[in-house]
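Okay, so chain A shows up in both of these, paired with chain B first and chain C after.
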Partner chain A sequence: MLKGMTRLVSRVHKMQKLRIRKLDPGRFLHSGTQAPQCLVAHLDNQVPTESPRAISRTLENDPAKHGEQHVGQHYNISIQELKTVFPHGLPPRFVMQVKTFNEACLMVRKPALELLHYLKNTNFAHPAVRYVLYGEKGTGKTLSLCHIIHFCAKQDWLILHIPDAHLWVKNCRDLLQSTYNKQRFDQPLEASVWLKNFKTANERFLSQIKVQDKYVWNKRESTEKGSPLAEVVEQGIMRVRNATDAVGIVLKELKRQSSLGIFRLLVAVDGVNALWGRTTLKREDKSLIAPEELALIYNLRKMVKNDWQGGAIVLTVSQTGSLFKPRKAYLPQELLGKEGFDTLDPFIPILVSNYNPKEFEACIQYYLENSWLQHEKAHTEEGKKELLFLSNRNPGLLERLCAYL
Partner chain B sequence: MAAPTVKVALGWSGLGLGVRRAALRLPGLVQVRWSRYGPEYQDPQTDKEYYRKPLAQLTEEETYERELRKTQVIKAAPATKTCSVFEDPVISKFTNMMMKGGNKILARSLMTQTLEAVKRKQFEKYHAASAEEQATIERNPYTIFHQALKNCEPVIGLVPILKGGHFYQVPVPLADRRRRFLAMKWMITECREKKPRRMLMPEKLSQELLEAFYNRGPVIKRKHDMHKMAEANRALAHYRWW
Partner chain C sequence: MAAPCVSCGAAASYRLFLAGRVSFAREQGLWKAAAAGLQTGTRCQILRLKHSPAVTTKKNVAALRRESYTVDFIKKQIEEFNIGKRHLANMMGEDPETFTQEDIDRAITYLFPSGLFEKRARPIMKHPEEIFPKQRAIQWGEDGRPFHFLFYTGKQSYYSLMHEAYGKVLHVEERQDQLRAKGLFSEKPKTKDPIGSRWLIKEELEEMLVEKLSDQDYAQFIRLLERLSALPCDAAEEEFVGRFRRTVTVQSKKHLIEPLQYDEQGMAFSTGRGNAPWRRGKRKTANAEAVVHGHGSGKIEINGVDYLLYFPVTQDREQLMFPFHFLDRLGKHDVTCTVSGGGRSSQAGAIRLAVARALCSFITEDEVEWMRQAGLLTTDPRVRERKKPGQEGARRKFTWKKR
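For the complex of A and B:
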């Protein structure tokens, strides 16, 4: 039995691309744990094909076990998990794709693997390290961030995910003067929506973490010291006027208690360049508001500083929702500005680039498997070459092109 | 080609004006739609497969044709004609008809969004259906588009003919291009005029295309109305002289 397997293993290693062949299933029923990953993936797709193609799926659904051999392959996230881990934060086109295909598959890519490696080897006694994902438009920064969040959720970290910081600095209908500090402004709607989603994502932690201060909301309501954080969140959701202050309290408590070691904290902010940019919000006398005058932004800036232990900070800079930034800007220095860059310095920059040829093939393969590419010519080599040319292997562009083909 | 001989007779050999007298035009009427290209100009060949054929494999006629093309003048290819494998002349014509004020970018994006919407709706139906029904559900937006427009094409049309001081609506067989034009025109007009205020064009168009694909909906009704009118006026058919 073992001799046959080693012969098969050496054969598989000889081929450049894993050729999918029909195998005798009886041989592998008693296969030991030594079966290498490539063989496991090889077993996954027992579909006979005429020509060697890149395998586009893997059965390894735990992000902790993803390695170099899974680059380019899609792994599945169940819809239940999606609802708990990502109540917000997935790009809207990806949400549409999940709804259409009835499944959520993320591609494993190098930048995410690099970050996973760093996160697995973090020393929680040291201050939190900041990682910044940057790249051109449509290269996959947000989905890489979602991959990391999925990993941390599986490892039972507390996820503090701000889906798009740009949404907090523009198009706010109701700005109230903050009750806590007269100089600052409250955004009740955005804060309450975020609190609802935060509650869905981190239900189990909210009852365990106890508040270490007494907070008085108004003449009749207050939260005592030692009560669970869930009460603060409930207060914020029910009394929308106090939602921003509730968010501030949640952030402060989490930062204070993360170094105690009860839980590990992941701060994930998409579009962090909004914190130091400009806003389009105006006061009643039509004068512009600076970002630090918004209570949400002020508290978030404190969160992103690396003066706490027991977790990690993963950030994304994006031009897509940003205000007053040129379209071609994608580097952290250009998008964060001097103030932002100095505050975030030092950080680990991770470049997210377009697909490499293998990933591109795998993506096309995934679409073909789901019958998403319906045009007859899209199945041909000519069609694939044209898609490659038109999209320049940019994931976002490719998705938009394949949507109408 | 009969035209060169006609031109020589009239002494217009130097000019490139493509004034062609088609058989259907009445004598004495000036043609208003004309091109700057004379009849000797050939259409451009944008098919990549044509040029990829190795010279050894060409038949005698094809070699002769290639040699002949080397000597002929060829029109410039319009910007909308590409050698892309995904190009579809029907889709291009429909996009041009949807375009307003020369905004081709908007028209094209509306068209692609429509195709995407059609695809997503069909996928939803597919996943909700049982195994037997799944085989019958068509998910290719291009086949749905073509079939829908084909279903909307009228077979017979009405033309106003002046006789004895009155205009009579006379049933008349329509040329292929007129039928295709009418189908597309009716589809676009229906979607523009009868849609709710906040509904976007791609959504309405996808709805109408799917209905027309299944042979129901307002555009098919308009085609049937046209047929009924033609049937009702069939007594006037002898007013037609062509």
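For the complex of A and C:
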């Protein structure tokens, strides 16, 4: 009990530093000695819910309203939203964490806030601006991307989210020669999976958008001009052989029609350096395939060019899934290579770095609240210092370390 | 010493009664000095501590199982040692008169550098008394009658020592009674220095008496001596007790290397090696040099790279954390270091040692002692053992085939 009181007292001091407007100031007086008396009421509850939550959590669940004061705090995403907005976007460890804690909480961080600010002030008449999130391994690029996607989903944009472009350039079992273009290769499995997820994410748009060309799939099936995009997607899902072409069509149509202003398009690609790197896929005669020979990659490259209006392109470069790149490379120049860098050239780089002390503290608080850290020293200052040292405030590493505690 | 032993000069009158011709294989054990300038007549004896036991043709009547050396042999060895010492002094260009044992040791390590790890296997040149184990002369005369009156107790030296000590106790008590009778008795509290000396341990006592003792014997003896020392003693008795005490070197655990630079700690603008000394650390084949700054935030940079990138494995980072965590200074110092050689684990160990040594300048003496006891300041002596011929590895033998 005494430990709880001392913890609450330290929280009080922290709160006064941060000036959170959650709790009415009359409750917690400024002199530290009086605080325990006020908190006596809280001792009835087993877990002091309010004061630590004020550090690590916020009740503001709409990303549009996140501002500077929310930096370091976790906000909640409901599970239904998670299913619609992120059918395939979240990193696997985060998915496990969501499942364990039974709630999805993302931390609000500065790079994401910066990007949100830019997005809020985009001029949709201009060509789409490219933003590249880069940073060292485990600093939170993918989750920042998810934050942006959540924001855009709330704002009713159409989200074109490719969770990990690296998955399309490696470990592909079946490569078919493309029906559309003989030199290129299809990847039916990946394309169909992606189409399914795309459908889940953007249900309401698919019926609104109309196709502007006629597409003939094979002798018996074709899609007429003016039919909704949903049909194309359905065709791709059902006929797996045509899935890649369906993806290509979807991308083309969306690009064309976003300039018209019916909807706003967000292209979010994670691991965009895969588009210009090398692949590990081989043809039957064991010769390597260049990325442009994969139809998916080819179409995606067209998407990422900024020759369309009415949306934004948010990209991430990551070393984690990349092929043939040294571990310490994290700058866009190193990871994209010359070709990729030139193609993406006018872009806005946003560095995602390790936690600052406040965010680190908030993260630890979050874990403590969810009873994730069971070690008896985890609450103490020394324990926190150890974790700080060992992880050097790297979010990914911290998460892995805490998994053992 | 009560016990008559060979090394004691007083026992020269006893005729040793050993088996006739004992051909000592000691000749093989002798090393001839390789240095030039030796005269052919004398042999510089550099003896190994353990050599092959003497081949006895006839069974020793005294039934001493150890190797036995004649008094003459020992005396000859001593002469040869002294002559050899003078030759060595001449060789090294020093004065033969003032050539001490330390000088001898230094000269031998210089002339015969050895890379053996076991210090006791290296060449030594010491006085024969230290090399040859002490032996007992035959305890009885020609008629078979023993010399010592306590011979038939079995442990004659021990019992004679006890007898002597008890005699002294009685003597002191008698004196006390006399003083009390005269009325001049004064209770003088015994001021004994508790720290600084210790009783002999059992092995040392056995060595002194050249006799085997049991634990109870030893305990009894120590009790008697303590009783004696508790009484007000004369100078003679003090000297007697003093023979059985050894000084304990206080602070034997003194850390030798402490060039503590208590300079401006970590002020960025001071130049050179003033503020944060470069300290070295080694482990296996890795060499590290580290600089610890006084006022920092816990950043560590290795070869220009952050430690998180350089050591992706948690175990290595824990090694780096150990010195700071031990001293509770986790977020207070900045470290810049360079490391080369070895593998990831040995590099981590080398940096740890370097960082611990560098931190010595910032902390108190007590904490340095604690670190030393925790093992943070000791270079790990383990290196890779060489592979031996006839075996597959350092220890692993080839598969044994029965046929």
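FYI, the second predicted complex is superposed on the first by the 352 of 405 C-alpha atoms of A that agree within 3 Å, B and C clash if a C-alpha of one lies under 4 Å from a C-alpha of the other, contacts with A are read in each partner's own complex, and residues count from 1 in each chain.
Heads up, the rule we're going with is that a residue touches a chain if its C-beta (ideal position, glycine included) is under 8 Å from a C-beta of that chain, and two chains touch if they have at least 3 such contacts.
Keep in mind it's a predicted model, so treat the numbers as computed, not measured.
By the touch criterion defined above, A:158 reaches neither chain B nor chain C. When the two complexes are overlaid on their common chain A, residue A:328 makes contact with chain C while staying clear of chain B.
Look at A:403: by the touch rule set out above, it reaches chain B but stays clear of chain C.
Shared-chain residue A:388: touches chain C; no touch with chain B.
After overlaying the two complexes on the shared chain, residue contacts for A:100 are found with chain B alone; chain C is out of touch.
Of the residues of chain A, those at positions 382, 386 touch chain B in one of the two structures and chain C in the other.
Contact residues on chain B toward chain A in their complex (touch as defined above): 48, 84-86, 112-113, 115-116, 119-120, 123-124, 127, 139-142. Contact residues of chain C toward chain A in the complex are 298, 305-309, 312, 314, 317-318, 321, 324-325, 328, 330-331.
Chain A makes touch with chain C in their complex at residues 136, 327-328, 382, 385-386, 388-392, 394, 397, 401. Note for the complex: chain A touches chain B at residues 96, 100-102, 371, 374-375, 377-378, 380, 382-383, 386, 403-405.
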